[in-house]
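Below is one structure; the comments refer to it alone.
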Amino acid sequence: MNHFLAPTDLTHAEREAVLNRAIELKALKRPLDRTTLRVGALFFNASLRTRISFEKAAEVIGGTCLTLNTGSDTYKMEMDPEAAMNADTQENIVEAAGVLGRMFDIIGVRSFPTGQAWEIEKTEPILRAFAEHSGVPVVSLEGALHHPCQGLADHLTMKEHFGETKKLKVAMTWAPHPKPLPMAVPNSFALQSALAGCDLTIVRPEGYDLDPEVMASIESESAAAGGSVEVTSNRDLGLEGAKVVYVKSWGRMDHPGQSADASLADWTFGDSAWEMTDQAKVMHCLPVRRNVVISSSILDSDRSIVLDEAENRLWAQAGLLDHISKGVQK
Amino acid sequence: MNHFLAPTDLTHAEREAVLNRAIELKALKRPLDRTTLRVGALFFNASLRTRISFEKAAEVIGGTCLTLNTGSDTYKMEMDPEAAMNADTQENIVEAAGVLGRMFDIIGVRSFPTGQAWEIEKTEPILRAFAEHSGVPVVSLEGALHHPCQGLADHLTMKEHFGETKKLKVAMTWAPHPKPLPMAVPNSFALQSALAGCDLTIVRPEGYDLDPEVMASIESESAAAGGSVEVTSNRDLGLEGAKVVYVKSWGRMDHPGQSADASLADWTFGDSAWEMTDQAKVMHCLPVRRNVVISSSILDSDRSIVLDEAENRLWAQAGLLDHISKGVQK
Amino acid sequence: MNHFLAPTDLTHAEREAVLNRAIELKALKRPLDRTTLRVGALFFNASLRTRISFEKAAEVIGGTCLTLNTGSDTYKMEMDPEAAMNADTQENIVEAAGVLGRMFDIIGVRSFPTGQAWEIEKTEPILRAFAEHSGVPVVSLEGALHHPCQGLADHLTMKEHFGETKKLKVAMTWAPHPKPLPMAVPNSFALQSALAGCDLTIVRPEGYDLDPEVMASIESESAAAGGSVEVTSNRDLGLEGAKVVYVKSWGRMDHPGQSADASLADWTFGDSAWEMTDQAKVMHCLPVRRNVVISSSILDSDRSIVLDEAENRLWAQAGLLDHISKGVQK
């Protein structure tokens, strides 16, 4: 079963095939002929880009997509198959996933962290339960640990702008934000850059390290792909020579609910930081807090490729769904 | 006008045709060619299976389906055509239904009981108002008295698993639940089983009788179809020899808001109850409260056919919509 | 770029072409062949008719439409591109519009007044921001100043019922309502009637004048199209000889939050008022408060053409989208 819950769930050959297919589909500018492919998308959390791009991706390859929001569109879900359900949960994930698997050929699920201990969250229990009980391939539309479709779109965007990503000098730089954000996007971008063979520098204040297991995976994949990984808190040094800057905020692992210290406000990515780079293209997954994460001056200039990146969600996912659908035998 | 608000709204010949068409469409494994059929679905109450299966059913026969949730997607509706609407209701059902009838060829409506007296609720005033004012066929997606699409799917599932349903030994057995649930599903299952000619035993604690008018209809249809109906509070006896057990909770008609007495907790359907049957297949409309209504041990075994039943919502509704659409002249 | 934010955003020739195309598509009774046209619809406010009719209009011309409700489906939007977004807004309209422009070929947006000063509201800041930042044509699905798709549907409905609209005697008459309603619909109907060359009488109590700039535009367009405009508070006189009566409530410009005085309750449009007209057809944009705005006796008779009008939303918008899509080069 071809689940896609993390960037490493595709082999190198599969990843190349998916990205090349994405490029073909983007160039084609029209949907493929109608097929029988039925995609479902289940959102435990709000979405703009992901919902639209996933629906449109299914249509591009000739399928249909039906989106459901839990809460308004579904029953309250119980995650424990052995629970005695005499309280407020109404439907067990075993049946919810099982039913979706009878209605759809591929299921996308978004499920952010739900406030449990990180050691539990990082196993993506909800996504894995859908993968286990649905009987069909499950695509993560962002979990606690990874946002692999975003990673794929980021990879596609770098490939599109620079051709070769091997040894491409990329800096992922932390930014302030009023809330301590989850780490799925930085985890996936860093890992995806490693898989792409980039020379990656993670620039972040002390205390803002990624999960050690994720870092270990980034390092080993980077080595295997012929790239490199550095981590620094020296922002000027970290940005030096970068061709791509990926700006992103995230919270501290050791103080999960805590907002960033006001003393870090100058980590907003603006013109003076950009001057440190080698005329870098600036990326962000969106939504972006203007003038807190990235300055308007950059977002409104051609240094920013955030809209290309957002559009590529559609094409990367179309390539992915096309790949996965070929393995679906119904 | 071919409305479908209760199992008896189809003649025997129509029911057979709908079920046979459902079987054909399921075997085909791909949608029919695109038609002009426009289906609309209006939900006054939440849904998972029904929403998905109804949309997919419309697609299977080449049509489209647009789903609306009242509240978030629509204006607050007034049910009295003669009301002076100077308070909080914003749109009269006459216009709401009339407009939907101009936009769609067939309309599905879900409307649970709204807290009025049962003598009013059981007339399905909202469903009937849509039927009266829309000018197009209306399909109940569950009302107060019946859930006829569920009944049709249940019939299809029994036909699929047993071939012949006439004289098939079926037990519908009551189960505990933290809330006093509506009776639309048990009403429709019992009536549909009667229409299918089953030998039906309704197993329930004293005080949990179905509506007397519904019972009268079940008995007369059963006699006409060559089946039989028994009602018992002796669970062991009621389950004996059953080939199908339909487990379902419902509230007391004489104490509508009252939860089941704790002394009935042992009515949960588990392994020991199943041992009384003749290797029965276990059915439930879902969502099911695990280990309160049915034990996990049964749901996770091949004794349970609840997912087949859920999937058959799609195919039964596809057969139904195909049948109704043939009568639509626009 | 062919935005459609006000009735005057089409030239006379374009308006004729759109309406004629609408009539053709309505007569055809089936969708055009599938195209690559991707329409998106973004609702900042609830909708029944508009959502359905806009989706169905896109389908009629072979395209697809994806609807998003802000709030439930999207992030909280910031309207100022230069804001330092460190409070509760999560996504700037620049990026929201930009992303939608990458996913869709045409975008519909509904945005009611948001409680700012009228001089700001009447510039339709949200609609114009989408027009500015999306890079694709934007269609108003109702703003503060205009509801131009409604105007187009009203025009189509009059054309359909009377053939020629030039010199057609039309009265737009104010009606009571529990709330002081926005003026987008009366503005657009009056302006559209002027563009259609009607002999328009606006019948309203003293103090209920339309915005002076809108009135100036109505008068000049009317003169150019060979029609006439009168305004009166004498209801009997104003209705005399009317072939069409458009009933609509709206609030006072000089007391924006104030409900209508109880002394105006007899402005409800009922049988005795209708007797003043020349057997007029009665129109209303819906939803209508029965027996407050228009009597049930009229709505339930063939004097009312409100359902034709609602249905024509679909066909007018199909004509419009077909027109706009021809200008879209992607």
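We call the chains A, B and C, going by the order they appear; numbering starts again at 1 in every chain.
Everything below uses one rule, namely that a contact is a pair of C-beta atoms (placed from the backbone, for glycine too) under 8 Å apart; a residue touches a chain by one contact, two chains touch by 3 or more.
What you are looking at is a predicted structure, and each value in this text was computed from that prediction instead of being measured.
**Q** So what shape is it, when you link every pair of chains that touch: line, ring, star, complete or other?
**A** complete
**Q** If I superpose subunit A onto subunit C using their CA atoms, what angle of rotation comes out, to the nearest 5 degrees?
**A** Answer in degrees: 120, to the nearest 5.
**Q** Same or different: at the subunit B/subunit C interface, is the fraction of residue numbers used by both copies above or below half?
**A** different
**Q** At what distance in angstrom does the C-alpha mean of subunit C lie from that of subunit B?
**A** Roughly 40 Å, centre to centre.
**Q** Which parts of subunit A, given as residue numbers and ranges, touch two or more other chains?
**A** Subunit A, residues with two or more chain partners: 34, 72.
**Q** So in the complex, the part of subunit C that touches subunit A is made up of which residues?
**A** Touch residues, subunit C against subunit A: 34, 36, 38, 40, 64, 66, 68, 72-75, 78, 81-87, 90-92, 94-96, 98-103, 330.
**Q** Residue numbers of subunit B touching subunit A in their complex, please.
**A** On the subunit B side, the touching residues are 29-31, 34, 46-49, 51-53, 55-56, 59, 69, 72, 178, 286-292, 296, 299-300, 306-307, 310-311, 314.
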